[in-house]
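Below are two complexes that have subunit A in common, paired first with subunit B and then with subunit C.
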Partner chain A sequence: MVEVLIPGTLAEALGMLADREGAVPLAGGTDVLLDMRTGRSDPTVLVDMSRLDGLRGVGIDGDLVTIGAMTSIRTIERDAELAARSTAVPEAAHVLGSVQIRVMATLGGNLCHATPSAEMPPPLLVHGAEVDIAGPDGGRTVPLADLFAGPGATTLDPGELVAAVRYPAPSNLGSCYLRQTVRWSMDLAGVGVAASVAVDGDRITTATVALGAVAPTPFVVGGVADLMADDPWDPERAGEAGRMAAAASSPISDARGSADYRCSVVAALVPRALGIAYRRAIGGWPVGRFSPTNGLVEEPA
Partner chain B sequence: MTATETRVVGKRLPKLDAPDKVSGRIQYADDLDIPGMLTGAILRSPHAHARIVSIDVSKAEALPGVKAVIHAGNVQQRPFGYGHDNLPLKDRKVRCVGDEVAAVAAIDEATAKRALGLIDVVYEVLPAVVDPLEALEDGAPLIHDERLDIDGNVSMRWDFETGDVDKAAEEAAVIVEGTYSSPLAAPGAIETHVVIASFDRSGHLTVWSPVHMVFMYRKELADTLGLDWGNITIKQPPVGGSFGGKIDIDTHDFICVLLAEAAQRPVKLAMSREEEFIGTRTRQPIHFKLRTGADADGNILFRDTHVISDNGAYNAWGSHAMLVAMNTVTSLYRVPNSRMRCAVVYTNKSYGGSVRGFGNPQSTFAVEQQLEEIADALGRDPMELRIQNANQAGDVTPQGLKITTCGLTQCLESVKEASGWNERRGKMKDRYRGLGAAAFIHVGGGARIYGSDGCGAMIKMDDSGQISLISGSSELGQGSETALAMIVAEEVGVPMSKVRVIHSDTDVKPWDVGVHASRTTFVAGNAARLAAGRARDKLLAAAAEVLGKDDLVIEDGVISSRSEPERAMPYDKAIRRLLLREEGNVIMSTAFYDPPTENQDKGYIGNISATYGFGAHVAEVEVDPGTGQVKLLNLWTAHDVGRAINPSAVEGQIEGGAVMGIGLALTEELPVRVEVGELMAPNLHDYGLPTMVDAPRIHVDLIETNDPLGPFGAKGIGEGGLIPVPAAVANAVADAVGIRPRQFPLRPWKVLDWIQTGETSNVVKGAGRG
Partner chain C sequence: MRIELMVNGDPVSRLVEGSESLLDLLRNDLGLVGTKWGCLTGDCGACTVLVNSEPVVSCLKACAQLDGSTVTTIEGLTPTHGLSDLQQAFVDHFATQCGFCTPGMIMAAEALVNSGVPADEAAIREGLSGNLCRCTGYNKIVDAVMSVIEQRNA
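Presenting the complex of A and B:
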């Protein structure tokens, strides 16, 4: 028998998590309930976060975007302002599961389940996101990359919750999320690639690539900014960035593709994601329009 | 030939069962609750191949709430399956992961599952043979060492030869060769298998099962469990999708009855999704090593194939898929010489059943790719080559198939025109796009594989005017209920709303082989039409007495005289005038239709179907050269349907079949861990059933050839929609990126690998184009 506690405030939720050993926070339930049903987890107490309205919603203040942990993936997918300012984030939300799943699933849940192939971490990583963590001893803020400890594991201490995600979205930055799947919807990424490119005119000032599903945790590929910055768009350097990203990947082989295959896909998708991010940054892409999921479009001019 | 003038047949009507299915009101087997019913659960083998050393059920039996625990040591059971190679509960050995070892009936699911955990089975693990080529090697572990009637692990051979293949190969100007493979796949119905069994106090057994070869099911149940088959009723709740998976009896059906017998209570056994993949029948992998040769003018001279059917641990229906595969090898297009050598091989994995298409998608994948490879080698357009070699009405194929009506050429012309074939094929490589085609032949007028290929029908008319058709057939979502009602309404001359179709259970229904082989509209439709015509004649005779005329016709439920149209009466009044009097009568009629076909002889020659269905598809794809992903952009289809009884339903069947074919072509696969023989990911997510997003616009052109033997001209169309899809998609990928995909599904990593390694056509004789 599972006991479900329904706190009305964040403080109450933190108190319940502190008081009840083994209590599991329940957000949208699209992972927690599945894990219970398949026997992967067997919690005795669930703390249902659905009444914590303060953790829900998208706020934009100047160039700073704040998304509450209980915001649904569907809300993120359909937010026009997010689509205009940080396209990769709703672009990733758009391909997560089905509409029904996106309505239930939350950003906090997607991050805290820490699946290596999760859609939301790569786009948030290329936007330099930080997470606000609430805990029994007060709050702390960490870079998103520091949240992930391994497949299914986070660095959260017992009793801590992710409350919000924050990232800058300056108008000279474009971003993109692409992925490889077996079927074209309702699938987990075999490879997830996010890229962001900031420009000054047509000159790249910085570029970032983050990958999902090709390492124990989502991660930012080192060295891409040094390779791409201070020059206009160069397809050869984008290709080099793809090779660097493939070299930095350490995927496993499973039913969704071999390690070698996944590295090939990384090398193919990274230049595309960078190209689309660049086009978005320079205004060469319709504002808010998502790309095909594998980014197979005409090369940028 | 012009179609008969009709009032109901040929109209676009909604399916009769659609409102209740769409609104969730329909009661499937799992919705049924019998008072006192227990929940059953099966303990399955975790090993692909192992000896059962001992089974101890004492702890499970002692658990409160457990009402029965059964295993091979405490039940009466006999072997079943082709070659009698299977037992409901395994006694000596398990031969695949998922094999049934013991079962429990308990007061609820949690108790039943707990009890399974308390059963102690000691196994001695044996070396498993998962690869069929290894199974064929000398010294390979014998999976059925108890079978002295077979050679090693080869359970069956299907060998056919006609003409002189070797001479034809000498004469051929061009020959292509290759091995074409298909994966382990699943029917993928939304409803998993569910069965309920209950004995009454007199010992009469009632089974509720969404099965569609219900009379075979009853016989097999009785034979295997030693029951009196005349003392069994099989009730058929609505089927929540089958695609062949629920065609016939499966191990859990026997186990449910054994549990009900042991517990002396009704028992329900419902498969979880994981069990559905692991423990019910699949589409087995088949490997075709094929050669096709043609002369310099592009006339196909021969096909020569060695086939390995990787049949799994036991012989269920899958072992017979070779029958259908053979039809395509010998009879798709005019092929004067053909040879097929086929070994059905035991392996320690999930075993093949009957899945929609039944061997034909796999066979067509090989045959239709080589058609395009031959065309390329000759520098000919493959569509023209198809039209040149197309079967024609009046042909008798070397396997003895009598082609009566044949719309193949029209189908090819239709998809060629609709797809812009001449303007677009081979001209979109710069965008990684391509077009590919494939055609098919499939039985369309029944398939005589038993002594009878017949179906019974009964009509009764009651005092309200309601007309009931009691058909031997079954509705499994394919729309047969609606088609049969339309045929009866047309033949009697009443509105559709007056007809009800009953196919509830074996006590009520007349005998039928069952729903398979795209036969229901043709065979059950002819039976329904015959019975309806006889009932109408009785109705008109009754009206003749009242109206004093014998030149009566009935239209829209009104009976009138041809010569004096004002002499008329509603048909239901005629029923009552006959019934409600002294020495009255009620209108009832019966019919049994068995198509004029023949069983194949020992050389596999014989006209097994009263007519044959044909069709052609063209697929348009875009291939991602970086990831290997294939996006299907368009699918044009044209099918010789004889005549569409209900065009909307026919299109729905073709589109639904096409989507199933898209899954086969691109995504659906159950990978097996070779070392241990277990499925890597028995879940709907990893399996890769296509979603709406994966289905492109599907264009359907219905070609009506008005088959003289079909009910109002109709042919069977249940399977055709999926058969050519994997071949057409593979040919389109070949056009787009110049590779030759010899395995489906075309999962992205395979496609990328073929692009990187330059997997191309293998022209072994004659000049290749490139």
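Presenting the complex of A and C:
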């Protein structure tokens, strides 16, 4: 028997997680139920987060975006304002699973399951996201990169929850998420690449690249800003950023590709993602036709 | 725990336990066997139903989260007499062969058509990409859904 507790407030949820050792928070269920069914986990108590309406929704205040942990991936995919301000984020949401999975799955669940190939971390990392963590001893805020400890493992203490994700989305910043998959749909990324570029006129002020599926955790590639900043777009340097990113990757070989292949894909996708992010930043690349039904529909190059 | 929900317009009140999925409830308890039991891992879409008008894979939907929800299955979509426009279009376009994927496919298509998707092949394929069909090769399914979008927009 698996017991389900249904808190009505965040405080109640934290209390239940504190009182019941081994209690697992249940968000959209696409990972928790799957893991129970396949025997990967065997919780005796689930704490349902679906009534915590305060953790659901997208808020934009000036240049600051806040997304509640219980916001569905489908909501993020279809949010026109997010698409305009932080294109990579709905772009990643759009390719996650299927419509049915996106309706159910939540941002908090996607982050806390800590799958190395998860779609949402790379785009949030290139936007410099922080996570608000709620716990029995109050709240704390950490950079998103610090949430991940390894495949399937986070740095959350027992009884802690991710409540929200926050990031700045200034209008001089463009971003992009690209991935390589074996199947077009319903597949995990073999390589996930997010890039952001901020500009002053046509001059790059900073650039960031983050990768998924090519290391035990999603990570930001070091040194890209130093390489790209202070000059206009330079394809040579974007190519160099791709080689740096490949060198920083430590992928495994599996059904989605060998380690060598994945590194080659990183080297190819990083300059492409940087180029799209740059063109979005200077306003020279349409963000894509945005359809409230289908999210972003990419314009041909 | 006890949940109360509406299934195809009828009130349902049941005791459920934590690992019980909506698919278990529909098939085993309510006898609504139109919804199919496929992969049970969220991959095939055969178990697709609408919860509060949104398509979900019922095999991964915990019953415990459904108190107060409205669920529509293929049985609920079917009019008392005859077929719905999507069901008829699947017949007319030979979009069903063995039929195993069909209930889930039609529920996903219903949500897609209701969402105001344009009559665009890529958009239809994208919207149905969570539903596997091992028989038809998909083209006839796309044709069927396309015809209903055109019909409803006409």
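Just so it is clear, the second predicted complex is superposed on the first by the 286 of 301 C-alpha atoms of A that agree within 3 Å, B and C clash if a C-alpha of one lies under 4 Å from a C-alpha of the other, contacts with A are read in each partner's own complex, and residues count from 1 in each chain.
One rule holds for everything that comes next: a contact is a pair of C-beta atoms (placed from the backbone, for glycine too) under 8 Å apart; a residue touches a chain by one contact, two chains touch by 3 or more.
Just so it is clear, the structure is predicted and the values come from calculations on it, not from any experiment.
Peer 1: Would you check which partner chain A:S258 touches, where first means subunit B only, second means subunit C only, and both and neither mean what they say?
Peer 2: A:S258: touches subunit B, not subunit C.
Peer 1: Kindly classify A:A268 by the partners it touches after superposition: subunit B alone (first), subunit C alone (second), both, or neither?
Peer 2: In the superposition, A:A268 touches subunit B alone.
Peer 1: Please determine whether it is subunit B or subunit C that touches the greater number of subunit A residues.
Peer 2: The larger set of subunit A residues in touch belongs to C.
Peer 1: Applying the touch criterion given at the start, work out whether A:W184 contacts subunit B, subunit C, both or neither, answering first, second, both or neither.
Peer 2: Both subunit B and subunit C are touched by A:W184.
Peer 1: For A:T30, select first, second, both or neither according to whether it touches subunit B, subunit C, the two together, or no partner.
Peer 2: In the superposed model, A:T30 contacts subunit C only, not subunit B.
Peer 1: Do subunit B and subunit C touch any of the same residues on subunit A, and if so, which?
Peer 2: Touching subunit B and subunit C on subunit A: residues 184-186, 294.
Peer 1: Subunit C touches which residues of subunit A in the complex?
Peer 2: 1-4, 6, 26, 29-30, 32-34, 36-38, 45-46, 48, 50, 74, 97-101, 103-104, 184-186, 291-294, 297
Peer 1: Flag every residue of subunit C that touches subunit A in the complex, lowest number first.
Peer 2: 1, 17-19, 21, 40-43, 45, 48, 54-57, 59-62, 64-65, 67, 108, 111-112, 115-118, 122-123, 126-127, 129-131
Peer 1: Using the touch rule from the top, collect the residues of subunit B that touch subunit A in their complex.
Peer 2: 432, 622, 624-629, 631, 666-667, 671, 680-681, 685-686, 688, 690-694, 747-749, 752-753, 756
Peer 1: For the complex, which residues does subunit A have touching subunit B?
Peer 2: Residues 180-188, 190-191, 254-258, 261, 264-265, 267-269, 272, 294, 296 of subunit A touch subunit B in their complex.
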